[in-house]
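Quick notes on the structure that follows.
Chain IDs A, B, C and D follow the sequence of writing; residue 1 opens each chain.
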Amino acid sequence: MRQKVGILGATGMVGQRFIQLLEHHPWFEVAWLAASDRSSGKKYGEAVKWKLDSALPERIARMPVSPATPDDAPKVIFAALDADIARDLEPAFAAAGCAVISNSSAFRMHEDVPLVIPEVNADHLAILENQSWRREAGGYIVTNPNCSAIGLVLALKPLAERFGIESIFVSTMQAVSGAGYPGVASMDILGNVVPFIKNEEEKMQAETLRLLGERGGKVVRPLAAKMTAHCNRVAVEDGHTESVSVKFSKNAGREEILAAWREFRPLAGRDLPTAPSQPVEFTDLEDRPQPRLDKMRGGGMAATVGRLRPCSLLDWKFTVLSHNTIRGAAGAALLNAELLVSLGKLEAQKIDTVAVTA
Amino acid sequence: MRQKVGILGATGMVGQRFIQLLEHHPWFEVAWLAASDRSSGKKYGEAVKWKLDSALPERIARMPVSPATPDDAPKVIFAALDADIARDLEPAFAAAGCAVISNSSAFRMHEDVPLVIPEVNADHLAILENQSWRREAGGYIVTNPNCSAIGLVLALKPLAERFGIESIFVSTMQAVSGAGYPGVASMDILGNVVPFIKNEEEKMQAETLRLLGERGGKVVRPLAAKMTAHCNRVAVEDGHTESVSVKFSKNAGREEILAAWREFRPLAGRDLPTAPSQPVEFTDLEDRPQPRLDKMRGGGMAATVGRLRPCSLLDWKFTVLSHNTIRGAAGAALLNAELLVSLGKLEAQKIDTVAVTA
Amino acid sequence: MRQKVGILGATGMVGQRFIQLLEHHPWFEVAWLAASDRSSGKKYGEAVKWKLDSALPERIARMPVSPATPDDAPKVIFAALDADIARDLEPAFAAAGCAVISNSSAFRMHEDVPLVIPEVNADHLAILENQSWRREAGGYIVTNPNCSAIGLVLALKPLAERFGIESIFVSTMQAVSGAGYPGVASMDILGNVVPFIKNEEEKMQAETLRLLGERGGKVVRPLAAKMTAHCNRVAVEDGHTESVSVKFSKNAGREEILAAWREFRPLAGRDLPTAPSQPVEFTDLEDRPQPRLDKMRGGGMAATVGRLRPCSLLDWKFTVLSHNTIRGAAGAALLNAELLVSLGKLEAQKIDTVAVTA
Amino acid sequence: MRQKVGILGATGMVGQRFIQLLEHHPWFEVAWLAASDRSSGKKYGEAVKWKLDSALPERIARMPVSPATPDDAPKVIFAALDADIARDLEPAFAAAGCAVISNSSAFRMHEDVPLVIPEVNADHLAILENQSWRREAGGYIVTNPNCSAIGLVLALKPLAERFGIESIFVSTMQAVSGAGYPGVASMDILGNVVPFIKNEEEKMQAETLRLLGERGGKVVRPLAAKMTAHCNRVAVEDGHTESVSVKFSKNAGREEILAAWREFRPLAGRDLPTAPSQPVEFTDLEDRPQPRLDKMRGGGMAATVGRLRPCSLLDWKFTVLSHNTIRGAAGAALLNAELLVSLGKLEAQKIDTVAVTA
């Protein structure tokens, strides 16, 4: 038996990734697709401009696109909406009793909404019990971070645990798929760098500190570290590359850092289908990680770190890379959903299962 | 009357830029071209794989490529050699009485060799008088910095003067032309970022601090600031973009910083043909500077700064862009030569003039 | 005295090129700018997203954007409108007595509207006298061809004159700037080819045959040749590259073909400021022409041909390249306007002059 | 039991693809790797600059690189050598009794060497019995075509069978991986098209006609059609896109052509592991096939055709795309080897088996 799930914003870039990643999922089955009014009523195959290099599954192509209302929606919803739209729609679905697993920024910093990376701060999920929707209808909203924060935080978490983190400097080189479709105009990025992504630095800074923060009862206190981000767009299709310098509270040697990354397997034993066995992979090739070659490590769910070397300003510097629409978006939400299943927090929604058909 | 000059390494990417920039120069005329043994003896037009988008001048195409020895060379030499080759050849030319205006890294950090950006540290030229070649034969070596350092230092110098600089963080996104030809393989950079350029971070850090340092008599003391560089290669043909954070010794407000850049015109009055009237141009467009749109400001000799905003780790952050083969290489050396003329340091070489033909 | 001109569609990619090319024009001065209602009333500098690598002239930045009506417009109008909008607006301006020099496809195939490349079919201009607007108000519409047709026709015209043309095969690799801004999404073109441009093959085929056709009195009869076009979009910013095979009516040897191109200077003696001295430049480098290196020949107004070799299916094959937004758009219209001046067909509009200010 | 195979030229781009495709192969196991003298003696993991986005298998990384001599080599050899080297080495291995399954151009046009695409001309394999190596030592050479020919021929074969082909026009847009590593310089291809690939047009024309030719006894007679090719390099990592026009001997309607492609399954029933179930896939999306989205169809082994439309010069035109290093190189050779197994022509080599380990 697989659980029926729905996708809000199913025709966008992240919506397409949800479909791709869910196609052979052992626990979930896509049973409902919603998109904007323009698409509603069409077959999905006619409504979507499919931009992935795997084929659009035929079963999905034939599914109708539903209106974006909770009426006939399953009780588990993956949401890939623009923030403006999410702000209205996600609460409506939560209020209707849906578990809304959201990739949108709309509620990430809301005090009662968990912002979670399963390997990093699974315990933050507890605060979803504060949500009025949860109490009143069983529904809730859980979010994953911005695509630029997620690789960074995966690389920092094992270091924060062992050495404490005082300062973080990061400069990103982000792929165009992060901006959706049509997103970045080719005239803006061919042979070019755009040193600006609207609101990205603010989100990246706030979310990183929240993810590395500590939950005290019903509240998450952000990490008390200094952090600054420079966000840049480059001519890469998929995969965000980030130059990072970090200052620790304690002395940390090279081997200790490598051990911290190597031994970071907080989900070991949970058997979550989308979890990579090694969430942070280190490469000692001098010119890696690179998006073209490393973004698909761990099925696109691992962060790859490399170029670890002393920093003459802070303590250490390195490069981290992660796939922005898998680990940084649809895969992140999917892993959150798997964690919720594992924690029994999708139980109320479990009535919604279907016979496994694949 | 224009002064005859020669080019060492004339067939490479920087050698080609020298030819392009010197084509209509009011003071200098290319009279001698040298390259590797493989090219020597051929016509330049046959020896070169011309990669610029302006036409190879016909006069130059017909010139023979000479062996790389000082015998028949003019007394003013622009050198665009790989460091390994420069280490042998440049001293040979200096010992033969030539003023060697070098773009190579071989002698940049040598204590008696000036590493100079005319707008930044013209007074460092004085140390060339320490060189034994100068005393014995009148010749000398003067160098310009690495293409990654030059835009950064132009942006920092006016701030260092007014506010003092304590810490510098920089993360670069460098164009492929900086690696010469064939240089970076297309398989390495299409849809990709390479977070490594051999020795680049070390050079960028050391040269920046030396350029911002102070001359005390015969010695240059590097700036006593902390600095860290992350150097990355991106899919851009020309133009290095750099994300910079900086900490000052004194408080500096936004308007003061803008004024420092705007009023930075240290060469005003010298009438150097290649000097841009505004060496540091500020743009207040939110998504600029960009290499495709801004690299040719000031004829490729201006550094463009933008995105000035507070830094939550140091004091301020901004983006700086400069053309890596004009301001960062051939144009840098040419401006050094013009400054040397202006200071009377090419006088001994001035016997070497020719009637202006253009 | 320079003639005042206006630009319809001034904020688009081609509108920007008009501004750039007209900035130092000896005959024309931009006196009026119009764009969509959204821009109307703003300063041009605020309304435009300037995407060229030369600076937006300050005088232009301060000019107001006018509504797109002929009321206060000058009598010479460069039009860079989408076809749908041009279909309504251009006749309105012609009916108001304006000479509308249009880059739009809306009227290119209209029997009374000249479709002209000055070097190719200047005599077709005569048919503008058929236009009712001309008779009633002095105004008219003159058009230039699609950016994909113009380089091809320049290369073919001298061959058609000497050898006759029976069949033309062309496969294009077109730059993204041809689609305007935002135009092609980066997700569609990075590391990719798009083998489709809407209506492009049809336009390219019809326009090519019309341009090479003969005027008989008031009518243009298209060339009676067979032609097929394949149009593709590639990851190039500017410059359309085209693979061409052609069958002649007479035998043509390699030297004869080269002579035909070399001697093709139909505008010699007219002194049109934007006309290149050599409209078709041949390169014998084995791997040229290339857009990055050759698009700016003749100030962006020359077509570069290369790789001339026998074709085992038709007679000869070669590659042709031209700049799609200069020779293929704004420069094409500007050269048409210069030709009209030279022919006395802008006389009625000449009252509109201004003192030369530059 | 799997058969032990060796790879000649194992460190190059095609050698790497062989390793990737053979990693989980049910019939073959890589047991021997050879490369140039420079690599010989090292571990493969140290000798190779791995450029694929899947991980280098650890077992392979630890294997030694052998000298390129047949002494200890297995009897089945995949060869990915430059033509110059292949000319000497491949005969040496064949003379030593090896089945040399070659991707090189060295012997493709040799009268006794089969040039084969299994779906197209499997019967041409018979001519390998003419080879003296075969008679004397059991060894032989079998080749697959150039990466530019293979997709074209797959698309043409079903049409040739049903309608006869008289004329072929093709213009290619080829990926950089076809040139190996480092191959195409980034300075040559970023924002650019290179309308020249040395010897490519000649190879593509000759090989296409040979592949579509008929075997009469011991001889292959090339197809008596006219063909012309224009070969261009574009900024694409993997996947060759080709614009094709074709003239048939008989009338062919759109539906007949689509049926010919759809029903083309000549390997059905053979169960070759690398054979795609649908060798020619048709897409009716108006802007496809595209390399980024379609190159991996059929595991990288299918050719995708699209944009079928009438040609005003020949009969029909369309676009074809195929993966140049899978279907166009390593996958092509692997499929040839599988066909040879299926035909019993690797029997003599079968003593060389190993226990299946995976």
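The definition used in the following text is that a residue touches a chain if its C-beta (ideal position, glycine included) is under 8 Å from a C-beta of that chain, and two chains touch if they have at least 3 such contacts.
What you are looking at is a predicted structure, and each value in this text was computed from that prediction instead of being measured.
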Contact-richer chain pair (by C-beta pairs counted) among A-C and B-C: A-C
Chain whose average C-alpha position is farthest from chain B's own: D
Between chain B and chain C, centroid-to-centroid distance (C-alpha), Å: 39
Chain centre separation in whole Å, for chain D relative to chain C (CA means): 43
Between chain A and chain C, centroid-to-centroid distance (C-alpha), Å: 48
Sequence positions of chain A contacting 2 or more other chains: 51, 188, 190-191, 235-237, 292-293
Partner chain D, residues of chain B touching it in the complex: 13, 51, 176-177, 181-191, 235-237
In the complex, chain A residues that touch chain D: 51-55, 190-191, 237, 292-297
Chain A residues touching chain B - in the complex, by the definition given at the top: 167-169, 171, 173, 188, 190-196, 205, 226-228, 230, 232, 234-237, 241, 243, 245, 286-293, 306-307, 311-314, 317, 319
